[in-house]
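Shared between the two complexes below is chain A, which has chain B as its partner in the first and chain C in the second.
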Partner chain A sequence: MDKVISFPKLDNYDIPAFYVLSHISSLKIIKPSKITSKTIELGSKYSPEFVCTPFKYTLGTFIESIEKGANTLIQFGGGCRYGYYGELQEQILKDLDYPITLDSLIIGGKTDIKRIIKIMKSYDPSIKLFKSIYYTLIGIQMIKYMDRIDDYIRLNIGFEINKDSFINLKEEMLNDFSHAKGLINLHRLYRKYYKRFKKIPINKPKDCLKIGIIGELYTLMEPSSNYEIEKDLASHHIQIKRYTNVSYLLLKKRKLVKKYLKKLKNIKYRMGADAVDNIYHTKELCKKHYDGIIHIKSSFCTPEIAVMPIINKIAKENNVPVIFFSFDTNTSEVGIKTRLEAFYDMLEMRKYNE
Partner chain B sequence: MIGIPKSLFYYYDGKIWTNFFDYLKIDYVISPDTNKEIIEMGKSISNDEMCMSIKSYLGHVAYLSKRCKYLLIPRIENFGDNNQTCTNFLAMYDLVNNLFGNEIINYNINLNDNETLKKGLMYIGYKFGKKKSLIKKALNYALKRYNKERKKDILNNILKLKKSKKKVLIISHPYNTYDTFVGQPIIKLLKDLDIEIIYSDLFNKNSTNKLSKKLSKDLYWKYSKDIIGSIELVKKNIDGILFLSTFPCGLDSLVNELIIRKINIPYLNIIVDDLDSLSGVETRVESFVDILNQ
Partner chain C sequence: MNDAYLGIDIGSISTKGVIIDKDNKIITSLYIWTEGNPVKAVTKLVNKLKEQLPSNYIIKGIGTTGSARKLIGLLLDANVVKNEITSHAVGTLSLYPNVKTILEIGGQDSKIILINNGIITDYAMNTLCAAGTGSFLSSQAKRLGVDINDFSEYALKSCNPVKIAARCTVFAESDLIHKAQSGYQKEDIIAGLCKSIVLNYLNNVGKGKKIMGPIVFQGGVSKNKGVVKYFKEVLKKDIIVDQNSHLLGALGIAILSKKYQINKTYNLDINSISFETKPMECMGCSNNCEILRIYKNGKMIDAWGNRCNKVIKL
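Now for the complex of A and B:
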């Protein structure tokens, strides 16, 4: 049977993943589809009850891809529990009588290139090492550019004059990125779009509300898992700061955490997943006079739960309001939106009525 | 006076600590068995979503915080790359340090950086002004005594496998199994129904750790591997398995689900919540034993 590859959905990062895989191999690849309520329903149905939510989302996506013909699944994995998802998801899918294999790239927070090469070779023996390295570099560069543009968008999207001008241009850019003809071409595209983004007319008051958004990585990055909280913030004309994205996690985190630990006087050790990062970023947001902090995570996210009391304490000491949201597959959207409204109102009152 | 919370870490290294402190004549006090009051105290300072074992641990810490100058809060990160621990074990020192004002006696276990229990205890000895030679003697004494007792416990556990009674293997973290609020009431129910209890933590950990590979190839949590491996070791000698975890344990939610899908032995899966009353559990345990006796 021919191998048909698929992988989980994480915001738009499936574009660089697809780009790399399709350039280095002749494998058939099925792009993960957008996460819908049906995806979530499917994932929840076959997941253990109190597993963290990304397990359910990615399992649902896998099932949808399998229905479309995929039989070889790649789970990204990671530290905390992410690294153990793969083995259980493979078992669950096999118990459902799907003839699939599933490999995790990162197990227990550790990965080694040799193992990944071995996995890729087992998919397609004709994959060439040099070519793989070249296109992986392009993939990483693409992620960097996407994240840079997103940072700019977050600062300004709440203040656009013409509705959807940022979103529409971003869509155009991603489409062009996915057809990039090499590293240089990709760079040119990035420059071109960067200029165009800068030209989008905005009307941004100097004293606009500024909110920092921190928490668990999947819930932060996948909009469908947080009821598009950033869109909601933008619609209330708020400037958004988010530290977590794939280029941060992939390229910067390792070094920075060491620096953070040195600077944080009340923290001695690394605390699992992105806990220390979030504590540091809380301090930084307070120092930079952000008006409020939103901490979001999936339900049952153990590392974040453990440090929430510390984050709360730091924010209180600095007199910056912080609100915590825990997302599960059955979280009520109305409840979230109501609490957000109240939070915005409170921040506005604090800022403008003093 | 050093306060030792009778929870989590205590059920791994507690006896080594107390032997060590006894020899060095360092004063310590152990918090009482988990009770309603401790749970309530823990809940009042915990985050709602924390697992019940952590809430209980923080309750023990709160109990001691008022009574002792020092608190013993270790941090256990890993025993090598493929033997990590729950992220709560990584965060506990800093969490307690930020929530309570006591001075904390802390050491870290991280075999990747060559930080061991022995080094940790040496450091504590120095901190209390003891001489190096004496600390070394205390360490020897503590480990020897602990190993001797543990060998005896392991032998007893293995001998029980030969008995003719129905035997149930308890798959649960020691801090749950031996806790008076979590494991003990359920174990008593089983014993009252004439069941022999086999403890998953009372086998040679090196061999159970390796055997766990047969059930789960990717598993990278030391304490889960240690107990899960016992299934492979004794599966022919037992009649059933009791999976016991606290709500909502991050590790157990995945590991137990995978193991349950792979084994072919009658099992009962009990998840203890802090609001649980025993009555619901009682019926489930009884019908489980009925199945074993059929």
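Now for the complex of A and C:
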């Protein structure tokens, strides 16, 4: 049987993943489709009820990909319960009589490059090592560029003069990125689009509201799992700061967490996933005089539940309001919108009435 | 002609309307049940308010708040549509400028708002479950065969309120049935219910918040003297309950509509408007967004619920 590969969806990061895989191998790859309510329905139907939401979302995506013909699935794995998703999802899918294999890239919280190469070789023995390294580098570079552009967008999207000008240009950019011809070509594309983004007319007041959003990584990065909270913030003309993105997790996190642990005197353990990072980022947001902090997580996310009281305390000491949200597959959107709107109103009152 | 401003608070259980003059004084007000149909309730409310309004006033602004604020905002062409938290704070501050804590228990939600020097500094809302709110009280009143208006009387009569687990509506209800079946007096059960509302509120919504006086208690449940009594008892502080405590959200939004008025006059002729909502499932992709289209006088004025930028056709 021919191997047909697929992987979970996470914002637009499926573009570099597809790019790398399609250039290094001749395997057939199924791009994960956009997360829709059908995905969520499928995912929650076959998931344990109290598992965290990323499990449900990724399982739903897998099922949709399998129905399109995929039989070899790649799960990322990670430093919390996410690390066990692969095995459990494989079992669930096999119980549903899907003839699939599933591999996790990260096992036991460690990224073993040799193991990943072995996995890739087992998919397609004709994969060449040198070519793989080259295209993986392009993939990583693409992620870096995407994240840099996203950082710029977050600073300015709330103040665009022509509606959707940022989103439309971003779509154009991602489309061009996916057809990049090499490292140099990709860099040129990035320069070109960076200039074009800078030219988008904005009307940004100096004392605009600034909000930092922190929390659990999947919920932060996948807009469909957080009810497009960033879009909502932008529509209220707010500057957004988000630390977590793939280039942070992939390239910076390991070093930075050691630094954070040294600087945070009261915290000795890592507490799993992004717990330490979030505590440190809360401090940094307070120091940089952000007007408010939004902490989001999927329901039942243990590391984030553990940091909530600490974040609350830090924010209180610095007199910065913080609001917490837990998202599940059946959270009422209206309830979230009401609480968010009140949060913006409160921040505005605090900022401009004093 | 004098200027007047209409504020409407459309809650899950009741719909409140006030008309204020330019000094924020209430000219006329009304409190009716929503009965699951906000458009019908508001039509009734506006017609009655119009009758009650002296003819030398002219409406210069309309504001809507509450869970149906967006829909009714469209219906009445309101100049301000705001969430309940801001409206309640503004309304209360206009009467009690020194207030530090606002406790609010409504039909389906409850909130706490902390205020410092007239500015909201912190707030919390119940987490998407109606435990310990007005709808719970009214459903239990029905179960006990007591009119909700007599609830206060019963609660105040009791000397030993029973203990009722208040964490979750379902558990509270089974606890209550158990107590009733084992022979406790009705007034003790009702008093226990009122106390459980207070404890549930302070443990869930007020968790970790520093409650400082002056405290104002408002929302529909504030009319229940039993709940007020136990708030005083548990907090060991004085609680202010305004005579219009059920109207403060509507008052707040009326004040906001005055603040943001756009030089427009409203004639409140609601009967001549045909207003219709049509639900639809979009078949554009597998997300199948539930879209609600709003028609006013036969013309589509808005559509909600779509996630993408696809234009919705008529």
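Annotations for the structure displayed:
The criterion applied here is as follows: the second predicted complex is superposed on the first by the 354 of 354 C-alpha atoms of A that agree within 3 Å, B and C clash if a C-alpha of one lies under 4 Å from a C-alpha of the other, contacts with A are read in each partner's own complex, and residues count from 1 in each chain.
Basically, contacts are C-beta pairs under 8 Å (C-beta built on N, C-alpha and C of every residue); 3 or more make two chains touch, one makes a residue touch a chain.
Keep in mind it's a predicted model, so treat the numbers as computed, not measured.
Of the two partner chains, chain B is the only one touched by A:Asp95; chain C is not. Shared-chain residue A:Glu284: touches no atom of chain B or chain C. The wider contact with chain A, measured as residues touched, comes from B rather than the other of chain B and chain C. Once the two complexes are laid over each other on the shared chain, residue contacts for A:Asn266 go to chain B alone; chain C is not touched.
Within the superposed three-chain model, A:Cys52 lies in touch with chain B and out of touch with chain C [touch as defined at top]. With both structures placed on the common chain, the touch criterion links A:Asp345 to chain C but leaves chain B unconnected. Of all residues in chain B, those touching chain A in their complex are 45-47, 49-51, 54, 75, 77, 81-82, 84, 86-88, 90-95, 97-99, 106, 108, 216-220, 247-248, 250-251, 253-255, 257-258, 261-262. Residues 67, 82-86, 118-123, 125, 128, 208, 285-289, 307, 309 of chain C are the ones that touch chain A when the two sit in their complex. Residue ranges of chain A in contact with chain C, taken from their complex: 33-34, 36-39, 164, 228, 312, 321, 331-332, 334-335, 338-339, 341-342, 345-346, 349-350, 353-354.
Looking at the complex, you find that chain A touches chain B at residues 48-52, 55, 80-81, 83-88, 91-92, 95, 104, 107-110, 266-273, 275, 299-300, 302-303, 305-310, 313, 326.
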